[in-house]
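One chain, chain A, appears in both complexes that follow, with chain B as partner in the first and chain C in the second.
The block that comes next holds the complex of A and B.
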């Protein structure tokens, strides 16, 4: 995509709340946007380093829970006589804390998996997500377990007492998600277009060769895992303060699967892939709700997914961009196609 | 029969290197040196332990002890990327390029070690990052020019014809700016004219101040380019010397170049006895 197309596209996204007055549609877009952010973060690991994280929702949930807890405040009875009390913090601080804590767990996973690749990496990440889910379910002192954390404050900006902006309504939340989405995109785009991103791609393409020319593959994987987890944590924070309730169901495997579907159908290893996949599979279930019975919705969802994977095995974005290239006489290459 | 080192400095010092896989001894007490600025060849029949030695030197096979030194630094226990940082870079026996990347990007990955942009600079898109990128791209262009691959710069690595892929492999290794380059059967599968071109290329690489250790089966090439030849057989060194000496060495002929009629008869007799 050239500059003009990108500008038009972003302008269009910014204009949506101006003409789309139905709050329900806006809600769908907000949730889809949050999932797109998560899918973009997964794409960094899956698409660029080639490592499939099937526990990606763990980072999303960790970001969400951390952000919720920091914004609500909590106390922990550490010994009989001492209770650690953590006072409630402004939501934007909580949101940043969620990103940092999720990033830390990404670092941990990257370090643990310094030697595991392929199926073993998948197992490490699935186990990690399951452990985190069990902790969230059973550490009732902290997380309220299945009773869920509720009354989570909506997103706010500013300093309490001086000036505060609270995101109660759909429109500000839409813009919040959109801006986070764009920031995540820029972070990922700059990263994968740099020498560090090339090292990740090298790890995906040919690990021994990458190591032989001096690429520290472990470091590349850890870096990708940290950035990926942090962005997933940001998505989790947005989700928490938008829905305003979080329970251990946020760690369900189906959410990871949804992200993987978005990345794979859109085109893994392309910048636009998760956005296209995320728009299709984020909006489709809601769109179908109006025209099909619940069983048919899932059938259509599944059939569409199989069709895409069958006919466009590399995903929608690579297929469209190669079609475009053939059709319009090889325009200059963009970074996206090269990656 | 040690070859005259011509009073040159030893860069790679292999001292009593022993490697076993289970009960099988791949290399038994192997010692040899590689001297600054030379082209040395490691030859021997299949299974002699040449690639094992390469893997040990470049850290793909972890070897304990203190048997491998490069310019005085111990390589045992280091990871491949750390060894590359010391200037020792290899190519692989099986063609090995970044297949889904363009030829230029292959080289850019090879140049990884020579870029220093930090994460925060990249995320903030500091001007330094862009300068570095264009500097790397120019360097990549020079390397492609030297290897005669400029015409393919925008093609995918995996889409190149076989001979060009083998050149690209060497180009990627050169991009890492080694001081010692280990080539594992670089001309296997090349036709004679490609091989001849490659031999000329080796001369140019050496002229650029890079010491070369070569594993190769193409004897015409080995004898044509090497300053010194080291012969491995069944995990042990059986001869070492200038190419002319090696060609005359009866033990080598028996182990490896055994094409003489009398030798064949002799080996048949041996086989019959066995």
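The block that comes next holds the complex of A and C.
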């Protein structure tokens, strides 16, 4: 039953470009998909280990910038006489480089801050995102600063010389984002279901107890941070090669807040939560554009989020699934399990 | 089996244990009794490596484990059943028990131990898919004990297992503890319920402000006028 439902959903998502001919709607779905990937990565930390990364956009941006720079190539004047020249690489390599570099920074931040955790992790991540933003803004030789990196090449598929498809149009980008989304989901689901995933959940629920049953606290948290940062980096890479321009504004705090809102309203600590939250808050801005000015939109989100958090404190997904259980699967009464 | 000599522990500048020396021999059931703040819980936490020792030595089976850290100590066979019936509230009963053997890799042995625990605590078997937080206090205590047993320990540390339980459950808990001992597991028990603990144990240490002030068999302490006056209500 569940497998059928999942298959149906995936089939539906793959069919969208076949009947949805409006390029504008596809664009909305692509951007929402990218944010869903980022929100899923945040959920791994916030929902499963209970650590709030309020600088998650840093990993997104690092993935994006790295991918952009590697695909464009860059040169750095190291000394007066020596300039380091990095030649432009194919987009796929750039994309992977973005994931690796973002994952590395996840490891670094985890190592630094998980010795103390809690509020300190929140502070370290906020500061980190701000530092990275200032670096991107001021290291003009490398990042062009506020002038932004332009003309970033889109993804390509195929064998050079024989047959090549460059992802200029919406449809291939849509499929690329969808596939990345599914892959990220599978990676996170696998991790959460594994022995290490259980250790992460145990840490969230009762850290001293988890330590006393033998969970290596720092190692589990750092691993979660690396995977989370790497997936956020992948989202950043997708964004960069789709929008084809990146500037230091990707590091703005508001994007982290958007991810947190998606995770919390959808249901943190559930696999589907960030997807539901991401669809609502990814599509809503566009849906409201015709009827409400941008300022009014922020007010509407605010109210909507307060309502969701107030009435469904665990988020939408846990609320719906417990309603579903009550309604359709009669709870196992006493005796039923014993038989 | 376990030998503690000259152990000191501090929380910041406050000293919780001063020159504490106790010994637990293979197969014994030893209790620590004493008032709140006497250092009973700290002693257990120091043994399992959760609280660092400032000075002194903890030797388990001839091996110095003073600074070994919780994982290594657990792997050597010391399980800690902490105060206040700690369980992972949003995990199911089954998952809680699985966490108890987090460090073990022998699937057959784990399955065997799990069956034994379900046989001993049928209520856990009935509720294996239920979130641990929804269990009653007594059931949570059973779960905490079951989880500690899942690491197949040779020495098990119980911290106030009877705290906050209904009187009939207190009795059941003590029965379970003596059963565990009868199966060959050595037990170090911390209790406020001094009377029950003294009746149950082979030997006992009385802790007062971080120091051992009296030691002897359970019966000796039950007969001691100071213990009677201060801990058994006259």
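Note that in this section the second predicted complex is superposed on the first by the 321 of 339 C-alpha atoms of A that agree within 3 Å, B and C clash if a C-alpha of one lies under 4 Å from a C-alpha of the other, contacts with A are read in each partner's own complex, and residues count from 1 in each chain.
As a working rule, contacts are C-beta pairs under 8 Å (C-beta built on N, C-alpha and C of every residue); 3 or more make two chains touch, one makes a residue touch a chain.
Worth saying up front: this structure is predicted, and the values here are computed from it rather than measured.
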Side-by-side fit of chain B and chain C on chain A, or clash: clash
Which of chain B and chain C A:211 touches, first, second, both or neither: both
First, second, both or neither for A:187, with chain B first and chain C second: first
Partner chain in contact with A:3 - chain B first, chain C second, else both or neither: neither
Residues of chain A touched, compared between chain B and chain C (which is higher): B
Partner chain in contact with A:198 - chain B first, chain C second, else both or neither: both
Touching partner for A:223 - first (chain B), second (chain C), both, neither: first
Residues of chain A that lie at the interface with chain B and also at the interface with chain C: 195, 198-199, 201-202, 205-206, 208-216, 338
Contact footprint of chain C on chain A as seen in their complex: 195, 198-199, 201-202, 205-206, 208-216, 332, 334, 337-338
Chain A-facing residues of chain C, complex: 48, 50, 70-71, 74-75, 80, 82, 86-91, 95, 98-100, 102-103, 126-129, 147, 151
Complex contact set, residues of chain B against chain A: 58-60, 79-81, 84-85, 89-92, 96-102, 105, 108-110, 112-113, 115, 117, 119, 122-123, 125, 129, 132-133, 136, 154, 172-173, 175-176
For the chain A and chain B complex, residues of the former touching the latter: 187, 190-191, 194-196, 198-199, 201-202, 205-206, 208-217, 223, 333, 338
